[in-house]
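Okay, got some structures for you below.
The same chain A turns up in both complexes below, where it pairs with chain B and then with chain C.
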Partner chain A sequence: MDNKTRNIYLIPYVLWIVLFVIAPVLLVLYYSFFNVEGQFTFENYEKFFTPVYLKMTVSSFWYAFLITAFSLLIAYPTAYLLTRTKHKQLWLLLIILPSWINLLLKAYAFLGIFGTYGPANALLEVFGIGTQQILFTDFSFVFVSVYIFIPFMILPIFNSLEELNPSFIDAARDLGASAWTTFRRVVFPLTLDGVKSGCQAVFIPALSLFMITRLIAGNRVITLGTAIEQHFLVTQDWGMGSTIAVFLIIAMAIIMILTGNRK
Partner chain B sequence: MSEHTIIRFEQVTKQYDDDPAVLDNVSFEIERGKFYTLLGPSGCGKTTILRLIAGFMEPSEGKIYFNGKMINNVPANERQVNTVFQDYALFPHLNVFENVAFGLRIKKMKNAVIGEKVKEALRFVNLDGYEAREIREMSGGQRQRVAIARAIVNEPEVILLDEPLSALDLKLRTEMQYELRELQRRLGITFIFVTHDQEEALAMSDEIFVLNKGKIQQSGTPTDIYDEPINRFVADFIGESNIIPGKMIKDFLVEFDGKQFECVDQGFDPNEPIEIVIRPEDLEITGREQGKLQVRVDSQLFRGVHYEICCYDAEGNEWLVHSTKKATVGDEIGLYFDPEAIHVMRFGETEEEFDKRLEAYDEGSHGQ
Partner chain C sequence: MKQLVRMFLLVFIVSFALMYVVSLLNSTQGYSGKNTLTIYNWGDYIDPDLIKQFEKESGIKVIYQTFDSNEAMMTKIAQGGTTFDVAIPSEYAISKMKEENLLLPLDHTKLPNLKYINPRFMDLSFDKKNTYSIPYFWGTVGIVYNPDMLHGKKPTSWNDLWDESLRNQILLVDGAREVIGMGLNSLHYSLNDTDEAHLQEAKRKLSTLTPNVKAIVGDEIKMLLANEEAAVGVVWSGDASEIMKENEKLDYVVPEEGSNLWFDNMVIPKTAKNLEGAHQFINFMLNPEHAAQNAEYVGYSTPNEKALEYLPEEIAGDERFYPDPEVTKKLEVYENLGKRMLSHYNELFLEFKMHKK
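For the complex of A and B:
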């Protein structure tokens, strides 16, 4: 295929990228320099560095970190067990299946489960702990987020474990390594790429969560995602919303570079 | 069991579910300091034996002894053996030094000691100065050496090599055969080498175990196995051979191709049906009348060292001849061979019976 025909095939892709990726990012950047009255200004950026927004940023990162950490903690052993099961494709499908259901539906389902008269509290009653406030807490927010994101963590780790040459494990054992040492010095380092892409796939969207913060955390957890949504839909301050979005995009780019594959 | 024995298999069977056994009631002994080769076609159980010794699997039945102790349940990391894997299994996230040092680090040796030992092991395999290289920067032959260095640096009593030369090209493979043999002599460690390449086995080993279908067919020195194959499988698998059905008239007289020939084998029943083997290089082309056998040349291939000439006799048996002399396709020629060139094989003889018969007529010939 010569260059010309290749370029023709590239057109739809380039169009897509320009229209739906580059143009929106530029628009966001453009809007971030205007205030509510429509005047050109830097005051949005000044406002971002006030304690209110910085606190939001810190809490966004903190919750995204918690969600990623718990996802990883659960996903790695799960993926490891999955590679050892007989019908691994079936089990994998069962894990991926919930991610096909609309996020909003799942969030509402948890409203029912964690509600005062929901099954979670009923269970606590049985154990004699008594009804607790589960909804609208940090716990429920992190729990539901982990539930929603975990397939995206399991998949890349599962794939990298599957690709791992089993003779590396034999070799490590052969050289005297115990099961734990084999994991620590061979299996984990060689599946690090899967862990990295899993963390990317969880951490980055977790940074800008807003619907779960609102439904499950009852707006008690305010993240940058919530702030953007509020500015665009409630206060109509598109400029400030765009400014926060600019910072989120920068943060995401930095994370991508940091966790990117060096080889 | 002699004091030289380091590994002993006692009626070991390996079987998965109801499938036919991968290893079927195998017993053998491995002596210290020798170069052993397990030879056989794929699926014959040779790699299974290796994995059983290494500890990557457990036998379904039977016992495995190492230095006189049963090791059936000893995990791989506690065994005094190291393996060179077919695909080398070098850790891609570690450089050459760290790959070789892996075993030593696990033993928690001091850094200075590790540095010295790794350097020495690399010198042994002619890889001086490659410490800082990444594995992906190494060629196939170099990786092979790193894998060997990684095994010998731990000073194991036995090194297991699982078809380590199969991924190399012919020239490098021949070179590595010499090097491996040389290395084994210098180190004095027992090598157990798995291969399906009979030339490799003949060239390198002190002892060869020929395996087929989960059983040891024959064991012995390369010359024993080449000159006196126990059955059709071994004769066919080791080198090229002409295998012709015949009849043992009496001691020292065998009939095949409708004629009787003098031979050196004995200990058969009168008129027992047998098979004879004559190696292609033991056949000599002569004029039609001088030959013991008369054949017609069917085809000829130039193999470099020799011509490979395919002939048919009047009975329709195929005769393969290796000769430095050229023949003409379509010609009637004679084939000459010495009585020693004929090797007679009994049908269904076990290795034990075979050895007993050979011993018996060794004594017989002393008596003469």
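For the complex of A and C:
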């Protein structure tokens, strides 16, 4: 294939990138310099560095960190066990299956499950613990978020475990390493790339979660995503909303660089 | 590649054929701009029998479309792609639509039934002289409570919500104006207060409410209250009537310090093509018998004074939804505070949400 036809085939991709990636980011940046009255200003950026938004940023990062950490904690052993099972593809399908269901539907289902008279509390009642408030707590928020994000953590880890050459493990064991040492010195470092991309796939969207902060956490958890939604839909303060989005984009870029594969 | 082109062609041909069939169907049934009327309303917010009756009386075919937020409705009207002849926005949306020239002035001579509307619901701040809008339904913001869960206690004022016995028992609706307004009202300030000191005072007062607040939620509040997830909820009266239909134990009260008075109104947006029909429809809905029938179906409060005579006593005499003038006097309509103030209200609301227990 000569260069010319190759360039023609590139057009759709370039158009796509320009229209749907570069242009929106530039627009967000552009809007962030305007206040509610439509005047050019830096006041949005000043406002971002007030305690309200800084606190919000810290809490967003904290919850995103919690969600990622718990996802990783559950996903790694799951992925490891998956590679040992007989019907890998079937199990994998079962894990991915819930992500075919709309996020909102799942969130609404949890409203029922965690409710005062829901099955979760009925179970606690059976164990003699008694009815607890589960809904609208930090616990329910992190739990539901982990539930939603976990397939995105399992998949990359599973793939990197699959690619791992088993003879490395055999070699480690032959040379007298214990199971734990083998894991720590051989398996984990070799699957680190999977862990990294899993963390990216979870941490970044978790940072801008907004729907479940209201449905599951009853607005007791406020993230930057919630603030953006409010500014765009309620106050129509697109400038401030865009400013927060700019900071989110910067934060995400930093995370990508920090966890990126240096090759 | 060839296959791709063929696929595209097929899609094109099919879509054109479908478009042709639609236009053919429309013309055989005699639909055109002149004798159809598109109504843009909230979901389930009109008695469908009234639409049928209107179609029969006027010979106009009604197309009924729904929206679920004022913002969505405004965006769609501003885009102007679809013909909407009558829309039913809330009062704050009307001030915005007026500013953006999205509304057409009404011809009052074509609306003889306007005389039945209670004068105290006319000529309000959001639309002086009712140039653009006619009230459709009205209501308040108040407290829904579950007497069983409160052991016989009955809240009557906003300040009752601060009572220690309500720890973790209150659900609030996710609206900055409603919640900040509640804070202002509880201090006997106006809902439309823009004085910074008053707003800060209201915010401080609200932050002491935090231990009692279980959650701040959206539409789910109806389901949660009906399921007795919490004992008390701050909601719009319209939602309250729906919740009470679901769970008959619950009761509703308009707090004595005053509260918000809201309206949904009939307007003719600038996208209208059938002006004659739009006026005919508005006048039809203003007919006291029709207004009464509609109020009975929807369960909201009608502004039509004459219609109250056609409503059964248990509806028209219900103090919760038709409070006596003593209470109504203290109710305030939200004024358009401007984008900057609204943004500030919202920031205070965010701070309130972030306040930890």
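Convention: the second predicted complex is superposed on the first by the 263 of 263 C-alpha atoms of A that agree within 3 Å, B and C clash if a C-alpha of one lies under 4 Å from a C-alpha of the other, contacts with A are read in each partner's own complex, and residues count from 1 in each chain.
Heads up, the rule we're going with is that a residue touches a chain if its C-beta (ideal position, glycine included) is under 8 Å from a C-beta of that chain, and two chains touch if they have at least 3 such contacts.
Being a predicted model, the structure only gives us computed values, none of them experimental.
Taken together in the superposed arrangement on chain A, chain B and chain C fit without clashing.
Contacts of A:190 after superposition: chain B is touched, whereas chain C is not reached.
Of the two partners chain B and chain C, more chain A residues are in touch with C.
When the two structures are aligned on the shared chain, A:133 is found in touch with chain C, with no touch to chain B. In the overlay built on the shared chain, the residue A:219 is in contact with chain C alone; chain B does not reach it. Of the two partner chains placed around the shared chain by superposition, chain B is the only one that A:176 touches, whereas chain C remains out of contact. With both structures placed on the common chain, the touch criterion links A:235 to chain C but leaves chain B unconnected. Contact with chain C, but none with chain B, is seen for A:52 once the two complexes are overlaid on the shared chain.
Using the contact criterion defined above for the overlaid structures, shared-chain residue A:165 touches chain B, although it does not reach chain C.
After overlaying the two complexes on the shared chain, residue contacts for A:89 are found with neither chain B nor chain C. Of all Cα pairs linking chain B with chain C in the superposition, the shortest spans 42 Å. By the touch criterion stated above, chain A contacts chain B in their complex at residues 165, 167-168, 170-178, 181, 185-186, 189-190. Against chain A, in their complex, chain C makes its touches with residues 69, 71, 168, 171, 174, 176, 214-218, 220, 223-224, 227-229, 339-340, 342-343, 346-347, 350-351, 353-354. Looking at the complex, you find that chain A touches chain C at residues 35-37, 52, 55-56, 59, 108, 111, 115-117, 133, 135-136, 214-215, 217-220, 222, 227, 230-231, 233-237, 240. Those residues of chain B lying in contact with chain A across their complex are 54-56, 75-78, 81-83, 85-87, 89-93, 102-103, 106-107, 150, 154.
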